[in-house]
C-alpha cells in the first residue's frame, strides 16, 4: 500500500460505526449515525397523504432530503438559500430516495409518505453512503411505529413494507490500490470513486462508479465490487443489531 | 397559578440547561446547547476577511444564521429552499447577530468575520434565546482560538474583543400569570411574549415584547422585566462555568 | 442637551404631522401621512375572502406590506425585485401587521381580508412608526366603508371590529439624552432606538428596544417609556380628529 | 361617435394634465404628474458612474424603472416580489428607457447614470405614456441640477445633453372611431391601441400599434397618427411651460 | 445605396426562405423555418384544456414561447436559467403570441390551448419575425390535425379557427436608405428598426418602430411601410404554398 | 425474448446512428446527432478564459449543458425557467461534463474553456448517452479548430488535449432479458437501467446502474457490461469515421 493510503485502518475494513436510535425525544424515528468522524442525523417523518401526482393509486411514497450544515466542514459551507439547491445535493438526495424505495413495497405502505431527512452535522467523507445506511434505520423505525398504531386502516405490516434492508459504502482506486470506505483524506486522493448500494440479501440496488479525469479497467472493477460487498455485509450486520434491540 | 402553567417547574425558574463545548471534533468552537428539550447546535466559523461593504475600515464583523432542521418539529418543518428565507427566520437571525455584536468590540477583532450558525436539532420553544445564549459561548470559544494563534498580526486580545457576555431568555403573560422561560406549551398559551437580552453585567441589549391580538400594561411590564433578569443571571452563571473550564 | 440633538424641536415633542384622508380618488381608504419630511402613502384594500390557511374559521385577517420607493432616499434605494425581500422590510411589515391586528376583533370582521399597504414616498426616519399610525387610519376608513354597505351578510359593526386605536412612535438614547421621535439625523446619532406601539387607551402592544453595539439601563428604559407615552397620546388625538371629520 | 366613447371629452383632446415639479423635498428632480385620474411620481436619480458593461467608453447611461403601487388599482395589484418582474412591467420600463435615451446625447452626459423611477400612485389608463412625458421632465430637472454643480469635471451642458424633448400619448380604435388619450374605460373598449412617442420637434421615436384579436388598415393608421401628433404638440407645450418656470 | 447596405440582395427583397413541415417525426405540427442563415424550429403543441384564468368561457388560448439556443450565436449565449427570463425574450414571446391570436377565433377553437414554441437554432437577425411567420405555419398544421380527429366534440373547423394568415418582416433605416428584411449585419447598422406584422389579407396586426438613440420622420415611415408590405406579400405566398401541399 | 422487447432490432444491436458535422454554418463545431428517433444538437463553444475559481492554474475547463426542447416530447415538456433546473437535468449535464473531462488533458488545453451544449430536439430514450457520444464529436471539432489557429500562444496540440475518445450507451434488464440501447419504449419497460461510458480504448469512465424499485445480481451485471462494450465499440467506430473525414 502506498503512502496515500498509509493509515492504521486496513484497506478492506470500514470505519468504526456508532448508531444512536431515538436521538431526538420528539421523534423516535431519529438516528444519529456516526461513521468515523462523519456524523449524520437521520429522521423519518410520516405524513398521512401522498404528493398530488400520486394520489388515488393506493400507493405510498418514500423520499429523502440531504443537507450539510454550515459548520459540518472547514471552511464553513454556505447555506443553500439561493433557491437553487446545488447539483451535488440534488444528486445525493435523489440517490438516497431511490435507494430506500428499492426495498419498499409502496403498495403495502398505503397512501402515506415518509420523508427521510439526512442532515450532516460533521463531514469527513462518505456522507451520502452514511445517509443511506442510517436513513434505512430511521425508515425502519418509522415503519415500526406506523405498525404499532392499532386504529390504522388499513394496518401497516412492516415485514410487507420493507422487503429487504439497504446499506451503502464507497470504494475507490488510489494509485495502484483499491480501498474500502473512503474518508475525506482518501476521497481526495482517489482517482476513481464508486458508491455501492446493496440489499441485505446481497443484490445490487445502485452502482455509481466515476472517474473524474481518470478511468478504470475490468480488473479494478472486480476488486471494487469485492470490497464493496465486504463493507455492505458488515453494515447490514450492524443495522440488524440495532433494529432487533429497538 | 392557573392550569395552563400548572407544571412541576415554578414560574420564576428556567429549564435545566446542558452545554457541551467542542461537540464537533472538526471545530472546537462548536456548542451543543440544550434547554429542556430544545437542542441547538451553535458553531462559530472565522474568516480572515470582512464583507465587501466593510473592507478597509479596520473593523471586524460578527453575524449569525439560524435554521430549524426539518426533523426538529412535529409535524416536519419544510426546508427553506425556495430562495425566500421566511420572515420569522430572518428576524431571528438578525436578532442573534445584533445581540452578539452589542458586546463585541469590532475594532479589537480586526478585519475578520465570525459567523455563528445556530441549527435547531429539536425545538420545544425558546430556540431564539437558546441560540443567543449558546451562540455567545461558541463566539467566545472562537475568539479564544484566534487569541491562541501566535503568528496573528495584529494579535487578538479576547478580553478586548468581548467587552461583556450576553444571554437571553423569554418571559410571558399567560392569563393572569407572568412566567419565565416559555417552552412550547407555555408559549402557545401566552398572550404576551417578551424576549429579554442582557449583558452579564446587567444592562439591556434588546427588549422585544409583543402581544399578538393582545396588550399589556405597566404592572405586567415590570414583572416581565423582573423575571427576565432572574433568568439572565442564572444563564450568565452557567456560561461562565463553561468558559472557565475550557 | 448636547450638539447631536441641538435643534429647534424640544426633546419631548413629536414632529409636525399632516394627514390627508382619501388621497386617492379610486380608494377612499387611502391616507397620505406626513411626519416632518417623512411621507407614507397608506392604502387599505378589502377582499371578501381570507388566506387558504384561515378558511372556515369564521375569522377575518389583517395584514400589511411595507415598501420604500427608490426615490424616497438619497442615494436612490434599489427596488426589491430579486425575489428576496430584505430582512429589514420583512421585519417592518410583520410589525405593522401585528400592531394592527392587536386592536382588531377578527371574528367581528368576518371572513374578509384587509391589506394595508404602506409605501414610503420620502424617508426621513420613523417610516415604520408612521406606517402604523397612518395605517391605522386607513384601516379604520376601510372598516367604515365596509360598515356602510347595506347588503353585507353578516353586516360589519365598526365599533366591534376596532376594539381600540393604535399609534406608534420612536424614542432613543443619544449620548446622555433621551429623545422623542427620531428623524434621520437623530436616528443616525442614536445609540439605542426603541419603537413604542400602544393603544389609544394606553396599553402596550409592542416594545422593541435595540442597542446596535450599545446597551441601556433601567433608568434610561423608564425615560424612554415616559417620552413614548407622551408621543402616543399626541398621535392618538390627531387620529381621532381625522376620523371624526371623515 | 358611438356610446363607448360618449363622454364629455372630445375624441381629439387629451385629459387635463397637472404637473408638480420638486414634489419631494429631498430630490428636486421629482415630479408628480397627473393626467386625469392617473398619477405617476417620477424621480430622477444621478449616479457618478455607469454600469460595468459601459465603463471606459466616455458615455453616460439613462435608464428607467416602472412600477404600479398595490393601491393604484382596484382590486389591489399584488407586488412584484417573486423575483420575476412581469412581462408587461418589463416591456414598459424598457420602452420608457429607450424613449428617453433617444433624445439624450450620452457622450455629452459623461460617465454618469440617471435612473428615472416612475411609480404609479393611481392608475386610470395611459400610465406608460404619462411615465414618459413626466419622466422627461424629471430627467430634464436632473440634468439642470448637474449643470449647476460648479466643480463638475467635465462640466455638463444641459443643451448638449438634451437634444430635444420627448412626450408620449396613446391613441386607439374603438368600433368605428379613432380616439386620442385612452383612459381605462376607453382602453378597455379599444380594438387597437397605439402608443405614439415623439420629440418636441415632431419626429417619431417609437410607434407601437397593437391589435389584440383585431387588426387595422391604412386609413385608420393615418388617423391614429394624426391624433397622436395633436396630443404630442399639446404635451410638449405643457412640458416647456414647466421647465421655463423652474 | 451606401456601403453599409452594399450587398448582393436588393434593398426591397427578402432573404431566401426554406420551410420544412413535419421536421420532427413525433410532432407533425413542427416546422424548420430558414430565412437566410436564421434557423428557427417552430412546434405547436395542443392541450385539451385552457389556463385556469380562462376556464369556463368556452374559448381557447394560443400562446408562444421563444428561446435562443446557446449555440445559435457567437459568442455563445448563456441559457435563461436564472429564473428571470430576460426582457428581450419576454417582449418577443408576448409579441409572437399576440400576433398569432390576432387571426385566431378563440371561440371556434373551443376550450383547448395551443403553445407555439420557437427555438432559434441559428441567429442571423430577424428571429422574431421568422418565429411569427414560421409559427403561423406550425399553428396551422396543429389546427388541421385537430380538425382531422373525428371524435372531437365539438369538432374543430379550421377555416373558422384561422380567420386569416399572419406573417412578419423587419424593415429599417440605415443612413439615408430604407431597407427590407434586416439580417444581423444590416440590423447592427440600422438607426431605426421596425417590425411589420400583417395578415395575409393586408391588414396591420402590429407595428413596432423603434429608434434607439435615433428618430424618424413621416417620409421614412411611409417608405418603411411600403417595403414591409412587399415582404409580407412574398411571405404570405410562401406560407400558402406550404399549407396547400401538406 | 418476451413481448416487451419484441421488435425488429436484436437485443445486442444499437439503433441506426446519423451524424451531421458542421450542422450550423456559424459554428463548425456543431453536430446534429441522431440515434433512431432521438435527435440532439451538440455545439461546442470556446472561450479564451476559465471560470474564476480556476484562474492562474494553467489549466483549461470543459463543461456541458443539457436541455430538452419543449417540442421534443409529447406531451410538451415545460421549459426550465423557474430558476430551478430540475434534478434530472442537473444530473445529466454533470455526467456529460465529467465524461468529456475524463479524456481531456486540461493542462494541454491551456487556460481556455469549452462548453458543450446538448439540446435535445426530439427525445426517444437515450438522450444522455447520445449527448455524450455526439458531444465528444463536437468537442473534438472545437479542439481541431483551436489547433488550426496559427497565432495561438501557446498553440494547441489536439492529440495532447484529447487523450482518448469517449462514447456512451444504455443497457437494461427487462423481465428476464438484458438489452442494449434502450429507446423510450424499452426504457419504460426496464426494471434496471445502466449507462455505460467508456473510452475508445476500452476503459470505464463511468458506470451508473440503477434499479428504481428493483435490484439486480452479479450475473445480470456481467451481461449488462458485455452488451455495453459491444455498443461502445460500434459507436467508437462511427465517431472515428466522422472525424477522419472532417
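To keep things simple, chains are lettered A, B, C, D, E and F as they appear, and every chain counts its residues starting from 1.
We take it that a residue touches a chain if its C-beta (ideal position, glycine included) is under 8 Å from a C-beta of that chain, and two chains touch if they have at least 3 such contacts.
Listed by chain with UniProt protein names: A, B, C, D, E, F = Ribonuclease PH.
Values in this document were obtained by computation on a predicted structure and should not be read as measured data.
**Student:** What chains do chain A (Ribonuclease PH) and chain D (Ribonuclease PH) have as common neighbours?
**Tutor:** Under the touch definition, chain A (Ribonuclease PH) and chain D (Ribonuclease PH) have no mutual neighbours whatsoever.
**Student:** Quick check on the interfaces: C-D is repeated by which of A-F, E-F or B-C, going by over half of contact pairs matching?
**Tutor:** E-F
**Student:** Mind checking the rotation angle between the two copies, chain C (Ribonuclease PH) and chain E (Ribonuclease PH)? C-alpha superposition, nearest 5 degrees is fine.
**Tutor:** My answer is 120 degrees for the C-alpha fit.
**Student:** Suppose you list every residue number at the chain A (Ribonuclease PH)-chain F (Ribonuclease PH) interface; are over half of them used by both chains (same) or under half (different)?
**Tutor:** Copies use mostly the same positions to touch.
**Student:** Select the chain at the greatest separation from chain A (Ribonuclease PH), using centres from the mean of Cα atoms.
**Tutor:** Using the mean of the C-alpha atoms as each chain's centre, the farthest one from chain A (Ribonuclease PH) is D.
**Student:** Measuring centre to centre with CA averages, how many angstrom lie between chain D (Ribonuclease PH) and chain E (Ribonuclease PH)?
**Tutor:** One centre to the other, that is 29 Å.
**Student:** Quick one: report the Å distance separating chain A (Ribonuclease PH) from chain B (Ribonuclease PH), using the average Cα coordinate of each chain.
**Tutor:** 33
**Student:** How many angstrom lie between the CA centroids of chain A (Ribonuclease PH) and chain E (Ribonuclease PH), rounded to a whole number?
**Tutor:** Spacing between the chain centres: roughly 51 Å.
**Student:** Among the residues of chain F (Ribonuclease PH), which ones contact at least 2 other chains?
**Tutor:** 83-85, in rising order.
**Student:** Going by the contact rule set out above, which residues of chain D (Ribonuclease PH) touch chain E (Ribonuclease PH) in the complex?
**Tutor:** My answer: residues 83-85, 87, 90-91, 94, 98, 101-102, 104, 106, 164, 194, 199, 202-217, 221.
**Student:** Spell out the part of chain F (Ribonuclease PH) that touches chain E (Ribonuclease PH) in their complex, as residue ranges.
**Tutor:** 24-27, 30, 37, 39, 41, 43, 45, 47, 65, 67, 69-76, 79-85, 115, 117, 119, 121-122, 124
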